[in-house]
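Below you'll find the structures, each written out as C-alpha cells.
Below are two complexes that have subunit A in common, paired first with subunit B and then with subunit C.
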Partner chain A sequence: MLVGVDFEPGTQGGPFPHWLNKRANPLPRSCPGDGWKVFVPHSSASARIVKVALCILPDTVAAHVLEVCDLSIQPHRAGICRRCWPSGPLDPLTVTEFLQQIVNGLALGAIYALIALGYTMVYGVLRFINFAHSDLFMLGAYAGALIAPRLGTLLPLGGVANALVTLVLAMAICALLGVLIEILAYRPLRDRPRLVVLITAIGISMLIEQVAQNGRLGFGPEVRRFPALIPDVTWHLGGVTLGSTSVIVFGVTAVLLALLTWTVKCTRVGMAMRAVAFNEKAAALMGVNVNRIISFTFAVGSALAAAGGILFALNFGKIDPLMGVQPGLKAFVAAVLGGIGNLPGACLGGIVLGVVESVVGGNPRLTSYRDAVAFAVLILILLLKPEGLLGHRTKEKV
Partner chain B sequence: MKPPLLDIRDLQVCYGAIEALHGISLSVNEGEIVTLIGGNGAGKSTTLRTVSGLIRARAGGVRFAGEDIGQCPPHEIVRRGLCHVPEGRMVFANLTVQENLRMGAYLQRDASVVAREMEYVLGIFPRLRERSQQAAGTLSGGEQQMLAIGRALMSKPRFLMLDEPSLGIAPLLVKTIFEQIVAINRDRGITLLLVEQNANLALEVSHRGYVLESGRVTLTDAAAALRSNAEVRKAYLGG
Partner chain C sequence: MKRHPQLWLLAAIILAAVLSASARPAGVNPYYLGVAVDVGINVILAVSLNLINGHTGQFSLGHAGFMAVGAYVASSITLGLAARFGGPALTPLLFAGSLLAGGLAAALAGLAVGVPSLRLRGDYLAIVTLGFGEIIRVILQTTDAVGAASGLKGIPKFTSFGWAWALAALTVYVVACLVNSTYGRGFIAVHDDEVAARSMGINTTRYKVTAFVIGAFFAGLAGGLYAHHKQFISPGGFDFNKSIEIVVMVILGGMGRTAGVIAAAIVLTLLPEVLRPVAEYRMILYALLILGLMLARPQGLFTWERRTGAKPGPQPT
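What follows is the complex of A and B.
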C-alpha cells in the first residue's frame, strides 16, 4: 500500500522514490511520503503483476518486492498507470491489518475448501462438474436454519451440542439429496457425452434455485437471519481479532478433512473410490459395485457442502436462496486451482483463494475487485498451469 | 459328462451399428486351459468383455457354472468366481502394489483369507513383494502384468480370463508369466481362458483352442492338433 505514490502514465523519466531509483539505497522504514510519481506504460504486463503485488502487500513488504524485482534498474516497468487505476492514494494496510485479513482469509478459505472437495471428488469419479453442488451448499445452510430453532425446544442440550447435532443432521439431509440428484438426473445419462451431463447439472442447479426462491414451494426469495448457533466470543491476539465463529470454522473443517483423509486412505470404500476414480471398468472387474461407490461419493461431497453452508451462514449471519452461487463458483475456481480431481489440491486451492480474496478485499479501495481477483486467478491458472497446483498432467498410456 | 464351466451360445455383440460378434459359441470345461486365437479385430477381446459383463450382448447367452450370467453387472460376475484380467492390464496406477492386490480381494471380507491369498500371490511373483509399497504406475509392463494376474487371483476365482498377457512385455518375463499360468491351473485347479497374440506360446500351454475370424469361430480343436494344422500354422504361427 504505497501511500501517496502517484501513478502517472508515461514511459520514462520523472521523479521516482529514491529507493526505486538507486538500488543501493536503504529501504524506507516507514511509508513513503506524499508526492512520489511512478511512470509506467499502459500495456506493460509486468506492471500489472507488480500492481497487484503493491496493492495487497504492506508497504514495507512492497518495497522489498520492488527491490527483488530489480525495478530500480528499469523503473518504467513498475508501478501503475493512473488511467487504469482508481484515482487517489491507496489506503495503508498495516501489518496487523494484513494479519487480520490472513486470519479472515483462512476462515473463508476453509469453507471454500469444503465445497471444492465435493466438486473435485465428483469430477474424480465421473469426470464432470456438478454445478448443482453449490445449491446443496445453500440447502445445507437452510437445513441448519430450519433445524436449529426446533432442536432447541426438542432437546434441552447445551449450545455447542445443539450446534453439533444441527450440523450432523443438515449434512445427513444434504447427503441424501445429493445421492437422489445423482440417481435421478445423472445416472440415466451415464453413457451419454459429458456435455449432456454438464448441461443437466446446470439445469438442476437452476431448478433448485428457482424452487427455493418460490415462496410457496420453497423458502422465498428474502434474505433471512441465520440463528447464532454458538455464543459469539472474540479474542484479541496482538492486534488481530479472532471470533468464536472463525475458531469453529477452523475446528469443524479440520475434523472433517481428517475424517475424509482417513476414509479415502485407510478404508475399503475409500480404496474403492480411488480405484473407481482411476478406472471405473477395472474397478468393476474387481467386484466393486461402481454405482454404489458413486452414490457414496455424492453423499460425502454433499455432506461437506452442507457443512460449508452452515459454517458460511454462521460466519456471515444471513442466508438466501442464491447464497450458493458465488461461493460455489469460487470453490470451483479453488478446485481447478489445486488441480481438479485432487483432494489435497482442493484444500490448498480453497485456502489460497480465500486468503488472496480477503487480503485484496481488505483494502477499502479494492473491495469491489475481490471477486474479479478470484476469477483472474482461474484465468491465470488455466493459462499457466492448467493441471493446477497439485494436479498431474494426464498422460495417455498406450 | 459334466456340463462345461463356461458355456457361450450364439453370442452376438454390437458396437453401435457395427456387429463385432456374429454368433459365437464356445465352451470351457472345468480345469482346462483354452486359447482363443485370431487376428486383430477378430472379436477375441470382445468375447471376454461380454463374458465379464463390461459389454452387453445383443443376443445369445452366457452360462457360468450352470447359471445364466448374461444380464449380470460385472461385480456380480466376479462374485460368482469369474475373473477377467483385461487387455492393457488396467492396474490402478494411483494405488500401491499392495493396495492393488487388496482391491483384487475387494469382495473378500475375511482379513485372514486376504492375508493368505496375498502371501500366495507374493510367493509366485516375488517381484511384487519387493515393490509392494510402490505406486503401481511405476512398475514395468511385465511387473504390471504380474500385478494384474496377482490381483485377479486375490479374488480366489474358479475361472480366469487373461487378455493378451504377453503384450509388450520383455521375453524373459513372458516366460515367467506363462510358467505361473500353467502352475495356477495345475496347483489351484483354476480354469483358464486365454486370448493371446503369441499363438505358439499359448497353444503350447493350452488343452484346446478356438480360431476366431471376423466375429465367427472358424475352427476348434485340441491345442496340439491346432499347432500342426497347416492353415493355422500359415496364418497364426508364422509358417
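What follows is the complex of A and C.
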C-alpha cells in the first residue's frame, strides 16, 4: 500500500498528513502486504511533523512504520513496514547513507556524552550508579518545554536568545533538584553499603517517574510536543542533510564540554573535585569540604543532564515522563565504555555509542535491534577491556 | 527453618494440596484465587533471585529476562502442542513438560549471563544483567514467531492454585536445601568475602555460575506459570521494572533470608491489591516505601538479628 503524504501546511485541515487523521481516513489495523511506503519531502520540518504524529498513533499502527527520523536518509524507503521488508541479505548502506548516519550518530552521541558525564562524575566521587540521573534528564526536557512558551511573552528577545535562556534556566532548575536529591537521599546513606545506595537511587528514579506520570501531581503520562526553540533550517552537503538542531546539539555540547574541562582542570573547586575522586579521606584531611564538593558534583552533573534532555527533545520533537530511561541506560553504557570515572572517556564513549547505534539502526534489516546495540557493546567491552577505552586498570587490594 | 527445611516443605505442600483441593469448587471468589496464584509465582521469583542476590551476594537486575525466556518457551510449546494433544488427561503432562522446557531454556540463558559476568561485581554486574534483560526483551520484541511487540495471546489457562503453590514450595525446598548443604556453604562464602573464599580453595566462578543457572531455572518456571495464568504475555511485561519489583522483594525480606523473602513476596503481592482504591498513587507509595525502607531498615523488614559470621559492611572495592 502506498501512502502519499502531502505536507503543504494548511491543506488537509491541519499540520498532520491526512492518512494520520484516524477519523477521516482510518488505517487498517493489520499491515497490508507490502507495508506503508510513506513518501516524505526532503525537509526536516515535515519529518518533525511525522515524528509527532507517529507518537500519537496507537502502537499497533505505529509499529508498522519505520522510524521516521531516519527518513532523510532513505527518502524512498522511509516508512516501509519492517515486517513487510523483503527478506534477503542485509542491504549495504551507500556511502551517502553511511555519512548521513555518521552525522546523525554524532548528534546522538553528543547527547549521550552529556548524560554520561554526569554518571561518570558521580561515580567518580561516590562510586555508585545514580539511577535518578536519567530522570533529571527528563525533568530538564520538561522544564524546557514549560519555560519556553512563557518566556516568549516575558522577554522580547530573539528566538536564539530565548532558547539560550530556556537552556540555562532548565539547567539551573535541574542542578538544584540534583543537589536536593543528594542531600535528602544519598547523604544520609554515605557510609552504608553501596547496594543500599544503589537501591535508593532506583527508588528515587521510580518516585520521580511515577510522580511525573501522575496527571494530578506531575505532567501526566501522555507524549507531548516539544516546542521548536530554534528555526528549522536544513543544509544539504552533497547528499548529506544537516539540520539546524544537529548544529545546535554540536555547538551546545562543545561549549559545555569546554566549560566543564575548564572547571575541572583550572579552578580550585575542580581541583577539589579531582581530589575527592582520588581519595575522599585524604582530601578531607587537606581541608576540602567533601560534602560541598559532592553537592557541587551533583549540581554540575544534573545541569549537564538537563542540557542533554533539552537537546534530545529538540532533536526528536517529543517528550514523555519515561523518555529518560533508554538514553540514561545507554549513557551509562557510554560511561563504562569510556572508562567510568574518566571525563574524556565519557565523551568518547558517548560519541562512539551514538555512531555505532546510528549506523546499525540505519540498516533497515537491523533497525529494530537498535536498542540492543548499546548493551551488546557494553557486554563486549566488559569482556575485552573491563576498564574501558580510556580507563586505567586498578589493582585489587585485599 | 535452617535445620528442617524438609518439614517446612512438607507443611507447605500439604497446605497447598488441601487449599487447592478445597478451592476447586466455584464457591471461592476467582479474584482471591488469582491473587493467591500471583503470590505463589512471586514467591518463586523472589526465592530464586535470593539465591543469586542474597545467598551468593551477586547483584542481578535481569531476573525478568529469565522469566521472559521461560514464559515464552513454555507458552510456545503449549500453544504448538495443545491443539494436537488436547486430551484433558494429557494436560498436566503437557503443562509440566512445557514448564520444564521453559525452565531449562531460562537456565541456558542464565549460563549465558553467568559466564561473562563472573569477572564483574557490584554495580557493574547489576548493569550487565540489566543489559542482558533488555537484550532478551528486544529480541522478543522483534521476533515475529512469538508475536513481536504485540505478544502471545490465547495461552490456555493451565496454572492453578495447586500448581503455583506446589512449585513455590519446591523452589523454597531446593534453594533452602542447596544453601544449607555442605556444597551450598560455598555460596555464602562467596557472599561473605570472595577473596577469602577463593584463598580457601572455593571455585568462586563456578559457584556464581551455578547460582545464576539455578536462579534462572526457577525464574523460567515462574515465567511459565505466569504465562499460563495471565493467558497473555508481551515483551513489555518483562522489562526493567519487573526485575526491580523482584529485587525489592529480596531487599525487603532481607538478603539471603529465605523466610523473610517469602514474607516480603507475599506482602508485596498483596500490597498493590490493597492499594487498589488509591490506584493512581499506588506506584508513588511503592517508591516511597522503597526509599523509606532503605533509609530506615536497609537490612530488610523482617530481619532482627545478624547472621553470625556475615560481614555487615560493604563489599570490598
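One rule holds in what follows: the second predicted complex is superposed on the first by the 307 of 398 C-alpha atoms of A that agree within 3 Å, B and C clash if a C-alpha of one lies under 4 Å from a C-alpha of the other, contacts with A are read in each partner's own complex, and residues count from 1 in each chain.
We adopt the following convention: a residue touches a chain if its C-beta (ideal position, glycine included) is under 8 Å from a C-beta of that chain, and two chains touch if they have at least 3 such contacts.
Just so we're clear, the structure is a prediction, and the values are computed from it rather than from any experiment.
Look at subunit A after the overlay: subunit B and subunit C fit there side by side. Touched residues of subunit A, counted separately for subunit B and subunit C, are more numerous for C.
In the superposition on chain A, contact of A:190 is made with neither subunit B nor subunit C. In the superposed model, A:369 lies in contact with subunit C only, and not with subunit B. Within the superposed three-chain model, A:385 lies out of touch with both subunit B and subunit C [touch as defined at top]. By the touch criterion defined above, A:198 lies against subunit C but remains apart from subunit B after alignment on the C-alpha atoms of chain A.
In the superposition on chain A, A:289 contacts subunit B only, with no contact to subunit C. Touch criterion met: A:279 reaches subunit B, while subunit C stays clear of it. Of all C-alpha pairs linking subunit B and subunit C after the chain A fit, the shortest spans 10 Å. Comparing the two complexes, no residue of subunit A contacts subunit B in one case and subunit C in the other. Residues 59, 116, 119-120, 122-124, 126-128, 130-132, 134-135, 138-139, 141-142, 144, 148-150, 195, 240-241, 244, 247-248, 251, 280-281, 283-284, 286-288, 290-291, 294-295, 298, 313-317 of subunit C touch subunit A in their complex.
Interface residues of subunit A facing subunit C in the complex, by the touch rule stated above, are 59-60, 63, 83, 127-129, 185, 188-189, 192-196, 198-200, 202-204, 206-207, 210-211, 213-217, 325, 329, 332-333, 336, 368-369, 371-372, 374-376, 378-379, 382-383, 386, 396-398.
Against subunit A, the residues of subunit B that register as touching in their complex are 52-54, 73-75, 78-79, 83-84, 86, 90-95, 99, 102-104, 106-107, 151, 155. Subunit A contributes residues 268, 271-272, 274-275, 277-279, 281-290 to its touches with subunit B in the complex.
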